[in-house]
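Heads up, there are several structures right after this.
Both complexes shown next keep chain A, but they swap its partner, so chain B is in the first and chain C is in the second.
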Partner chain A sequence: MAHCTSFPYEPVAEIGGGAYGTVYKARDTESGKFVALKNVRVQTDQNGLPVSTVREVALLKRLEQFDHPNVVRLMDVCATPRSDQETKVTLVFEHVDQDLKTYLEKAPAPGLSSDRIKDLMRQLLCGLAFLHSNQVMHRDLKPENILVTSQGQVKLADFGLAKIYSCHMALTPVVVTLWYRPPEVLLQSTYATPVDIWSTGCIFAEMFRRKPLFCGESEMDQLGKIFEVIGLPQEEEWPTGVTVSRKNFPAVKARPITDFVPEINEQGAKLLMQMLTFDPLKRISALNALEHLYFQDEETSNQDETL
Partner chain B sequence: MANTCGPIDRWQPMEAGDSRMNAVNMEPECRWVSLPPQPHICCLFLPNWFLTEDCVETCVFYPHGLQGLSSLQALVPSLLRREVEKALEKLDLIWDRHYAWDMFLDMMRTQNFVPITDLPGHFTDANRAILVDWIIQVHDLLQFQEETLYLAIHLLNRSLRHLKVQTANLQLLGMVCLFLAAKKEESLLPEVSALCSLMDHAYTKHQLLRMERKVLSSLKFDLSCCPALHFLLIFSSVAHCSAMVVWMARYLLELSLLEDRCVAFLPVQLAGAALCLARRVLQESLTPAGEAAWCLASSIHVGSEPTLLRIMHILASAAAKAHARETCATFLKFSSPETMHVSRHPGLRTAVGLLGECS
Partner chain C sequence: MTMMTLQDDLTTAAAKGNTADVESLLRRGAAVNGVNRFGRTAVQVMMMGSWPVAQALLQHGADPNVADRSTRTTPLHDAARTGFVDMVRLLVAAQADPQARDNQSRLPVDLARENGHAEVVAFLETLK
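On to the complex of A and B.
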């Protein structure tokens, strides 16, 4: 690894050959704490670092000033030249040992309590509302990049790098999971912050099921699996200007979500359906989701006695 | 005295309006974590909003037994909030009014500044002024937005703290700071080769790009700043200032970029001081509504009046000799008809005298 000058991080292990480049666990030689190093290669032309990289990393740094509890800390950034055409940008994040995927796997049967799920969801939505109010969308939310500290604190990781990564991904053959992708992305229509709400809905269901809700093998298969649950949308809801026709899919009706997520309570099911809404404009926002009755009703809470 | 905050009865009609009282929103100003309050920021929420910059020496106290005092005090942040929201919208600084107040509070909280002691020793005040003056000229030539200039100087101040740069490379550093500010703010970028020719090819493209990486790494890609200009525009909008006052304040604020002593002050203080000084110099007569608006805008600075006065002294003496200085790009820029010739205003020559002794 080429290092920045006075780069005080000592790699300990490779923790992922991830879709977006190699991730290393490293030790901060000054504090002794572990960090996660992410290297992103960006093309540099004759005008230096691309404007998109400069702006996106600057935005991440700006978010850092707010010190949000549900967003992973970005501790350091540096740029090192690899060649005339390429610069390596190294992002140094705080290291959290566990992601939501392993957290769910490690939970003893019968899985997480409904209170625990509610708490995780509240934190997840808090982090998202913060990102969205700063005009940052995650675009690739999944259990692997939702970190859970040993104290049970949720921290979102890997956000706001979509454009930098897509630059990088052109260079690396990668397989990206489709399971948390919303219909508008699968249909290659326009998309915005509601994409993250869809993914959050998928993850919400997965917390109860302990397995993913929609496991498609291709874009079309993924859409088919989605419609088996939420039903084929009406003709007028289908986005205009997309190449995939609605006629490719069987006219299936929506099935009760409790068929797929039997453990969920009534308000939880209502919130879940508002997140898994086909039309991104009608999908609930992170701020509104936090106001949802699901988070106010105390029927599943063990706080009952104190109220 | 024209600048004095209006007598308290001017506020009574608002107090009487019950519907307005109901609109008072006392929700906590912080969305998730309580940050340690900074003295100059928490003053925004202090009830003694009626102090203005002129009350520095003579503090005004409420007469005892004034009816509805507490509700009246609670009203002001909401009034200010509404005016700030309107201003942000008018200035096109927000995309959703729903987030406007949060954004303003974020601006107040995240102002960063470089303590003056950290500027390197070999970099004299005169050197710094010459470099900034040159950046101002290049910025003007490239027709960048005003925000870009403020960001460039902010990046320069911070780079000087973090990087060891030889005097011979200061021009290159200045150019890179302007280039990075443009990458962050501008939609049209000049070619690197064009920038090199603006420096008479004293440096190669390769050197410029290497400096870009050095600056980005040393600043950890942190390119955000709250330009003092935005605070100036918000305050002048809340205070309903005349175009002439705003132009003069913009001139004074740009002069502050050349003053190394101003590096140590917060953007919000620099903006407040520039606006106060412009009003003092121009001495425009105000309607009661105008005075009330000014009073409301001043409430933002409660607690930092002595600091504002210190800055006003610096700006006043800078403006008094601006025409005779070698570094006069800003003076010339603001002498144009489009800027209402503010830099040539005769009142600026004697502005220091208006301020009295600096405490």
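On to the complex of A and C.
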């Protein structure tokens, strides 16, 4: 990894602080454009940066060569040694000056049109299908991490860092939102790319509702809120080896999703339920979701060529 | 870790497009034209896609004509480059100067044109 030699970026505001480091809005003083700077503190040993970090960064750089329209550009990565035990890794991303949260809040009543929602969903799933086909999971999808340009182009931010963070961060307790977390993460079972599809389902519902679908205040509360909609899963579906018992939850039945998302059409509701499926192995994949009848319906007039 | 001041909080809320926080910080006495620890005001760093944040700041007397201390970029340059036409209109209505030049001598309309934002170009050209 290159050292930070020419570094034309000046931070102008802090926009995120997680367990692993800090995110800044910054200006590239050469082009005048904004960038997003992510500083990650990584523990080092006598061999320098951990192999896993180097590998993750190499993967992100490889992804970059595809120039995918629905993920933010990674412009630069460099390392600054801090001490014998710690190195600061700085990732420089293209900055997009609007997120989905703001975009939804700004939409005048009664909210986004069904065409607009479909277009946003298609782009979101294209970005995810691209990441997943490269074995990258996002793991923290939420409206703040989904960026929307002034031209309506969706770009995913904040992906592929999960491994860099989880292996090497000096853990500090942070409050992270639970609302987009799938049951397998809440139950601390094993998880993989289907986590992102669950989050996408929550966001799909939110595009119609203009408020989040499941607003839990703790892991247990979040699970309870999920079961009130999808029903308590069968005993056989409950993952083995998790500490939380199924008996903690009332035996509620699934309710029609249209009780919660009344504006959604029939195919949309079907797709949504395939995303909000308890068992991650039965949950629809990003690629299959893109093939779903929902995206083949009449109402989409603008059949996007590449997105 | 440096201590966050009210000014830092205000610029962070503005950059995140968090209108409710911007409003409550202003009520709690954050100076609308005060600078954060990077020497920038809220209007200079606000999320360009969030006209509600811009409106809250401008109604509280934010100066839309502060240029970046390194590049002389103004908020109108940023709005024009990123193509948010609502933001461009709002800034112009609040007396942002369409003739401001950055350190490469570019006008806001130049940046809109360079980035293919036809609607912004058309609007800025009506101001001449």
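In the analysis below, the second predicted complex is superposed on the first by the 287 of 307 C-alpha atoms of A that agree within 3 Å, B and C clash if a C-alpha of one lies under 4 Å from a C-alpha of the other, contacts with A are read in each partner's own complex, and residues count from 1 in each chain.
As a working rule, contacts are C-beta pairs under 8 Å (C-beta built on N, C-alpha and C of every residue); 3 or more make two chains touch, one makes a residue touch a chain.
These figures come from a predicted structure and were not determined experimentally.
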| item | value |
| --- | --- |
| Superposed model, chain A: greater residue contact from chain B or chain C | B |
| Contacts of A:D97 with chain B and chain C, given as first, second, both or neither | second |
| Which of chain B and chain C A:K61 touches, first, second, both or neither | first |
| First, second, both or neither for A:E105, with chain B first and chain C second | second |
| Which superposed partner A:I15 touches (first chain B, second chain C, both, neither) | second |
| First (chain B), second (chain C), both or neither touched by A:P81 | first |
| Which of chain B and chain C A:S133 touches, first, second, both or neither | first |
| Chain A - residues contacting chain C, complex | 10-15, 25, 27, 29, 32-34, 97-99, 101-103, 105-106, 144, 148-151 |
| Chain B-facing residues of chain A, complex | 4-5, 44, 46-49, 51, 54-55, 57-62, 64-69, 76-81, 87, 126, 130, 133, 135 |
| List of chain C residues in touch with chain A within their complex | 4, 8, 11-12, 14-17, 19, 36, 38, 40, 44-45, 47-52, 68, 70-71, 73, 77-78, 81-85, 102-104, 106, 111, 117 |
| Contacting residues of chain B [partner chain A, same complex] | 31-33, 35, 95, 99, 102, 106, 109-110, 179-180, 183-184, 189, 191-193, 205, 208-210, 212-213, 216-217, 220-224 |
